[in-house]
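Encoded as structure tokens, here's the structure I'll be asking about.
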Amino acid sequence: MRVLSTRRLRALRKALLGVVGLAGFLVVWQLIPTLGLINSQYLPYVTDVAARLFEESLDLAFWRRLGSTMTSWAIGLAVATFAAVVLGTIVGLVPFLRRATHTMVEFLRPIPSVALIPLAVLMFGIQMQAALVIIIYASFWQVFVQVIYGVADVDAVARDTARSFGLTRREQLTHLVLPTALPYLMTGLRLAAAVALILAITAEMVIGNPGLGRMIELSRSAGDSVGLYAFVVVTGLLGLAVNLVFRFVERRTLSWHQSVRGEEAR
Amino acid sequence: MTTHPERIAVTRRKPGVGSRIAASFGYALGLPMLLLVIWGLVATRSTSRFFPDPLTIFEAFVDTWVGPAFVEDVLPSLYRLGLGITASIVIGIAAGTVIGLLQWLRELLEPLLEFFRAIPPPVLIPVVMLLLGITDTMKVVVIVSGAIWPILLNTIEGVRATDSVMKETADSFQITWWERLWFLVLPAASPRIMAGVRQGLSVALILMVISEMFASSAGLGYRIAYFQRNYLIAEMWSGILLLGLVGVFLAVVFGLVERRVLRWYHGIREVNRV
Amino acid sequence: MSDRSTLLRVEHLRKVYESQTGDVEAIGDISFTMNAGELVCIVGPSGCGKTTLLKCLAGLLRPTSGLVEMDGAPVTGPSPAMAVVFQEYGRSLYPWLTVRGNVELPLRHKKLSRAERDKLVTDALTAVGLDHAARSHPWQLSGGMQQRVAIARAVAYQPEVLIMDEPFAAVDAQTRADLEDLVRELHSSRNISILFVTHDIDESVYLGERVLVLSKSPTWVQEDLAIDLPPERDQITTRALPRFTQLRTHVYDQIQRAKRGQAVAPQAAR
């Protein structure tokens, strides 16, 4: 019993240290403009930023902007995932296609999706579609590559077992290939969700379609530093929420598979 | 293994037969060539101004980037990119090692680092602009402020997860602190660190482009945005192509370095698979 | 075998672990001594805390109470007088170093010239028959060869005692016989003192000059048995000796009693 409590103490210590770290950061932030190390015009007081956050959270317009950011995020992620799963499974299963597409993938994947912003603007103007082009392009590769890995990772012994028991192609796909690829897909999805959020907000900043990113850009050009910091904090919280949710989903689907998979898909 | 206990496993090398080389050449270039041809055909027939044919883009590429523009726009961008990446790697690994080795520091900083990692890096551009003004330093700092997080967090995780038997081995032979760092902790964490660097590279490139689109009167990102605003479509495409080449270049260099640094890691995987 | 002075002394060693279900007394009360140049095997039923004992001896774990003395000085941490060969060779060798690099690593902080260091490494690799594999990486080798690298690393370190923790538990039977002979060979030709922990009764009798039979947890030394087999041992003839069979049966019975918990702790240990 005593030991159980030392365990709990350790968890408590960890939580406590985390809170101390967070509090320490906020105090330092508050002290820097207070002591005049940086002019509060450039680094506003943390209290002002917090007040602004509270103010915004009461404003319906704020939630509408958040909503449009998340809408383009969700649509982009869904389209990219669907396309990547379908194409990834086909390419992953056919060795000829895998070899033939290899160079193409290796060339297209590293192209920074932001390079496509000018093209997207030309084609769609400052609408959500322009942002979607960039979001989909960036998050597609994350899922696509993982799905190809996953489909190719089917254990040779398991495949032979399936063949020796005379499983049909269709049965092999549903009972062997998809379960093997699922953890990879989840990893790809987690990475894609983060990337999609980054590009949703980036697109709003650069292109100017409505959303949180646009608010950041507007605050900057208006010299509203309190607003700027407040919106940056919001995007951070949003990113944190996306990470936590997708990490949780990934862990749930992976729990049975972790030992088999090793470190491949970090 | 039981039948050949004295055998030394050798990592396989592909036999260099001519026909095989030709085949892999065909596989490597077949699809890109095919797509280029299709693009060319479609572009000459369609009326869309936004998709000029590949030859026009190629001509624009040569006209735009070969010459003084390379020195004025491309080199400074690449210089800042290189500086930012180097700083991110050095600071990320150094800080990550310290944080990974000290449990109390790790627990103190963990929630904070999680938050900073979650901030979409481009939103830091206005913040850094506000703090540092529109300077070259600002652009490098922007790159570091975004690219450092995956490297830092992966290093922390890799250092923390050093194998217990490996640590006991180091203990029992009384390896010194430096030897331990250099021969155990960093190599053991290197697969994780390299994974972090890979993520950091793509973030760095994104930030280089965006920071120049935002606040610059020169550089690759600025040029591309300028071409777009002035409807210089082929030139804009040539910029996209150049950025793609930079991305591929980074990926290739990273691949070479990674293969060298993680030779043992890939070797183990290959031996296990056989 | 010339010098029979006391090398290692263990007195009333006790180790208690804290765990979820309360304190677990892994080691009750262990006392024994080991002389220089001896090859002592420690054998016991599974889960009797062999590895715990070994880590306490090597200074990797702090005992709850009791004393470990090496050359008359108490052991409080890892000491240059001891080298450990771990069971998990795959995790004890560093995969990013070559075989040679692994053997050389512990020598780096010893004040040796480059030439001396090279000589020690080459010598140790030759002793285990791996001089041809010096530039390979551990993962390119079979399990038995990897464990030889670990032994070479320990030998090159020039410890006063070699501590081996079930080193051959994870290799196949034929390799295991070869490695046993390697240990005998290192012991007799180089006069290295070896403390060999195993769960294999045959192995303990075949290798040891003395066998310490441990009780089940909380552990104490149930018997200290001298192995009066001839020093020249051979996998076929030695194992065929009637005396070998007798000793083996004796140890086997002791272990069975230990498992059932029938043996009564000697007076001294209480």
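In this document, chain identifiers A, B and C correspond to the written order of the chains, with residue numbering beginning at 1 in each.
The rule is simple: a contact is a pair of C-beta atoms (placed from the backbone, for glycine too) under 8 Å apart; a residue touches a chain by one contact, two chains touch by 3 or more.
Given the structure is predicted, the values throughout are model-derived calculations rather than measurements.
Q: State the chain with the largest centre-to-centre distance from chain A, centres being mean CA positions.
A: Checked the centroid distances; the maximum from chain A is C.
Q: Centre of all protein Cα atoms: which chain's centre is nearest to it?
A: B
Q: State, to the nearest whole Å, the distance from the C-alpha centre of chain B to the C-alpha centre of chain C.
A: The answer is 48 Å.
Q: Centroid of chain A to centroid of chain C, CA atoms only: how many Å?
A: Using C-alpha averages as centres, the distance is 51 Å.
Q: How many angstrom lie between the centres of chain A and chain B, each centre taken as the mean Cα position?
A: Each chain reduced to its C-alpha mean, chain A and chain B end up 18 Å apart.
Q: What part of chain A is in contact with chain B in the complex they form?
A: Going by the criterion above, the answer is residues 13-14, 17-22, 24-25, 38, 42-43, 99-104, 106-119, 121-123, 194, 197-198, 201-202, 205-206, 213, 216-217, 219-220, 225, 228-229, 231-232, 235-240, 242-243, 263, 266.
Q: Going by the contact rule at the top, pick out the chain B residues touching chain C in the complex.
A: 1-2, 4-11, 163-166, 168-169, 171-176, 179, 183-184, 187-188, 190, 264-265, 267-268, 271
Q: Could you list, by residue number, the parts of chain C that touch chain B in their complex?
A: Checking each residue of chain C against chain B gives 55, 58-60, 78-80, 82-84, 86, 88, 91-92, 94-97, 105-106, 108-109, 133, 136-137, 139-145, 153, 157, 172, 174-175, 178.
Q: If you look only at chain B, which of its residues touch chain A in the complex?
A: Those in contact with chain A are residues 24, 27-32, 35, 50, 104, 107-112, 114-127, 129-131, 154, 191-192, 195, 202, 205-206, 209-210, 213-214, 221, 224-225, 227-228, 231, 233, 236-237, 239-240, 243-244, 247-248, 250-251.
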